[in-house]
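One chain, chain A, appears in both complexes that follow, with chain B as partner in the first and chain C in the second.
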Partner chain A sequence: MSWLSDATLLHLCRVADWPDLTGTRYDCVDKIGQGGMGAVFLARDRELDRQVALKVLSAAPDDADAKARMVAEARLTARLEHPGIVPVHDAGVLPDGRFYYAMKLVRGKRLDEQVSRTTALAERLQPFQKMCDAVAFAHAHGIVHRDLKPQNVMVGPFGEVLVLDWGAAREIGPRADAAVVGTPGYMAPEQATANVAVVDARADVYAVGGILYFLLTGRPPAYGPGAVLARPRQFDRAIPRPLEAICLKALAPDPGRRYADVADLAADVADFLARRRVRAYPEKPFEVVLRLATTYRTVLTLLLAYLLIRILLLVFFRS
Partner chain B sequence: MDHDTDLGGPAAAFPATRCTLVRAAGSADPAVRRQAAETLIAAYWKPVYKYIRVKWRSHNEDAKDLTQAFFAVAVEKGFFDPFDPAKARFRTFVRLCVDGFVANERRANTRLKRGGGGELLSLDFAAVEGELRRQESAAGADPDDFFRQEWVRELFAAAVDDLRRQCAGSGKELHFKLFERYDLDGPDAAEKLSYASLAEEFGLPQTQVTNYLAFARRLFRRLVLERLRTTTGSEDEFRDEVWRLFGGDVR
Partner chain C sequence: MKKWLLGLLLGGVLGIFDGLTAPLSAPETAPDLLGIVIGSMFKGCIAGVLIGYFAQKVHSLALGIVFGLAVGAALAFGIVWLQYQAGKWYFWQVMLPGSAVGLIVGYVTQRYGRRL
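Then we have the complex of A and B:
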């Protein structure tokens, strides 16, 4: 009987699960992920000589429901042609009957790995804004993601941002077959309860608020029965109040009190970054003055310098 | 194939119903009981021996006696009869039985000749000693992890032998050679093999190499699952083991 080393055992565990790609244009290179519905493999496209990611259904080929869900996921993702959404190249059926689709191989780091508390705030908000653009695009096309979280956002080496895993996405509108999907902490209350059938874009607003909360505090929002959401400034007093207000408005338990969609939320964040007034935060008069002073600091400095010089000149000539 | 371990014939000869082996080990029919016991011994004797050697720090002679005696007494006294799949996986149950048996033996300070005296089973302990010397994962491992690793090693080694036989029987020796070169020898090679270098070495187009490898891997997986079915205690345990081994569902 053959003796197998630990390295061989590990290798066999990996390759025995590789899909049979006979008859396709792909060669399997490695397994790079495993989700609830399918496994993701790194593969080489022989025709175009490039690497792609292949998502292959994990369930048995005769599981019609699982197959239908994955076909829907592939079609929906393919419909959303946006630089922030991973493009689908191809789809098909393997010799063993399992459905697969090929997509762009996303390189980079997940948002939760890419940012840390030491990263400058503006730098943390840059991928966030790009992510919001992609989600807003999906909303404009009537699609809600339903599982947004830092782990599903990839940041590339050149600053490109891609929203991944549209497996839970669906068209906005009431549905009879609605099921509870999402990740605790980022899942809107209505998404986790009996109101699941009426989930709309505001559920994604909640999740995006959760991601902002994570970017500000380094932790997901509290969840579960009786959980009280701590204000981000409780963890870090340096977090600007307007940004905290944007985050808390997005995380409002009542969907009616949140932003209507992610584009609205992103606009408020853009206003904050441009030192404009944000809608989520009613400023006090001195805060308005302080903000304007900060915004027009250069002009004010020049003006003050000019006045000072005029006064000095006046004093000099009089004396 | 080392026939020392081929105690009851190939596992494939056992009735192909799901997860029946463990139940059959407790059957009232002595013939069924014996065949089931032989298949279980074939799957577990090496992990048990290595486990006793490494985790109980037994001398090899003592470990040989304990392994022989454990299986002899297990068959005679029905150690596996109380197994309840709702409480533990069969592999863990076997390990706990070994722990209990070795502890009792040591307490009683009895050594030889358990099970009525004489060697009941013909097991190639010398080969296993050789394996133990080559293994890097023995020291410091968690007992359950170590036992599982050895059980997986035995399961895969048996499936590799099945694969070799099936490929030879169906004129697919080249499929097995590629599998052997890339998937069995490759991970230990100093230089990483590529499909392109394998294609050059065997004088085949690269697509043929990948297709042949895909065939061999698929068949290997099926053979592992067939063996796994017979040595797990329930359908749930079987599916759980498949997830742990391959990270995917049963296909």
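Then we have the complex of A and C:
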């Protein structure tokens, strides 16, 4: 009687819950993630000779509701063709009846991992702006993500940014169910209650504000009963006031006081980076002067040099 | 705003300022102040249009500054020459500010303004 080696046993344990991909064009390589609805596997597409990510429904094949939700997720994600949204390549049903869909394999770091390696504010805001573009695109197509967080944003090796996990996404409109979806800290207050009938783009604005808060402070917004949201500058006085104002406006508990959608928030961040006036922050006159002086410092320097020439000529030729 | 228009406006404004400050370094020119201001304004406008048009065609900060300096200096020298023909010699008082104006307009039209 021969015994199985530890390595063989470990391998068997690893592949035990691999899906049966017979009849498909894919070969399973490894399991790379597990979510609430399904598991994600690294697979090889034999037809195109490339690696893909395969999401397979975890529920039993006869669970029609679970299948319908995952089919909706695949269709919704496939509808959103944007460089910042992970593309869906294929979908189908496995021999055991479980639904699956194949999507682009995203290589890179999660946004929360990326930030730990980056300190410059402009570097931290670059992937943030790209993420906002993707979310704004979804909003323009009537889709709200509902589970935005740094862990669902991937930054690729060439700086490309992809928003992942659209499993909680829905079309903007009246809520079909009272289920609470999202992640504490990034979930808008109206999303966390079953009383509010409509969850719209402003719920994603709150989540994006939470991501901005994380990028500025290194921690998620406070959540839970009695939690008080600390201003970002309480953690770091170097955070510019206009940027703090943008963050706090996005994180306003009342949806009516937030940006209407992520595109508006992104526009304010772009204005901040371009040293233009930010809508969320009413500047004092001194701050306006300082901002303009910083923006046009070279022109001002040249004009001052011109005045100096005039003064020197005055002094020299009069004396 | 198009670059040539930006150059025209900026050159004109700086030209007016140039003319208004002329009596500071040459008090004897005070009686002719209005003529100096108008002439300086036109000089500034012409320089501004030329430099702004150059900026529209050539997208180089360095070349724009050099061109601006050259145009400003050339037009300023024209004024110096006219003054010399009238028996007055205001070389540095005209050349330095005039060249500086050209340099400033050259920089601003390269950095700002719409190309097309």
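Assume the second predicted complex is superposed on the first by the 303 of 319 C-alpha atoms of A that agree within 3 Å, B and C clash if a C-alpha of one lies under 4 Å from a C-alpha of the other, contacts with A are read in each partner's own complex, and residues count from 1 in each chain.
Operating definition for what follows: a contact is a pair of C-beta atoms (placed from the backbone, for glycine too) under 8 Å apart; a residue touches a chain by one contact, two chains touch by 3 or more.
All values reported here derive from a predicted model rather than from experimental measurement.
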First (chain B), second (chain C), both or neither touched by A:Glu47: neither
Partner, of chain C and chain B, that touches more residues belonging to chain A: B
First, second, both or neither for A:Asp65, with chain B first and chain C second: neither
Touched partner set for A:Thr22, first chain B, second chain C, both or neither: first
Which superposed partner A:Leu4 touches (first chain B, second chain C, both, neither): first
Which superposed partner A:Arg98 touches (first chain B, second chain C, both, neither): first
Contacts of A:Leu314 with chain B and chain C, given as first, second, both or neither: second
Touching partner for A:Ala305 - first (chain B), second (chain C), both, neither: second
Footprint overlap on chain A, comparing chain B with chain C: none
Chain A contact footprint on chain B (complex, rising order): 1-2, 5, 130-131, 134-137, 149, 152-153, 156-158, 160-161, 183-184, 186-188, 195, 206-207, 210-211, 213-215, 217-218, 220-221, 224, 245-251
Contact set on chain C toward chain A in their complex: 14, 21, 24-27, 92-93, 96-97, 100-101, 103-104, 107-108, 111
Contact set on chain A toward chain C in their complex: 298-299, 302-303, 305-306, 309-310, 313-314, 316-318
Contact set on chain A toward chain B in their complex: 1-13, 15-18, 20-22, 27-28, 31, 34, 39, 46, 58-61, 96, 98
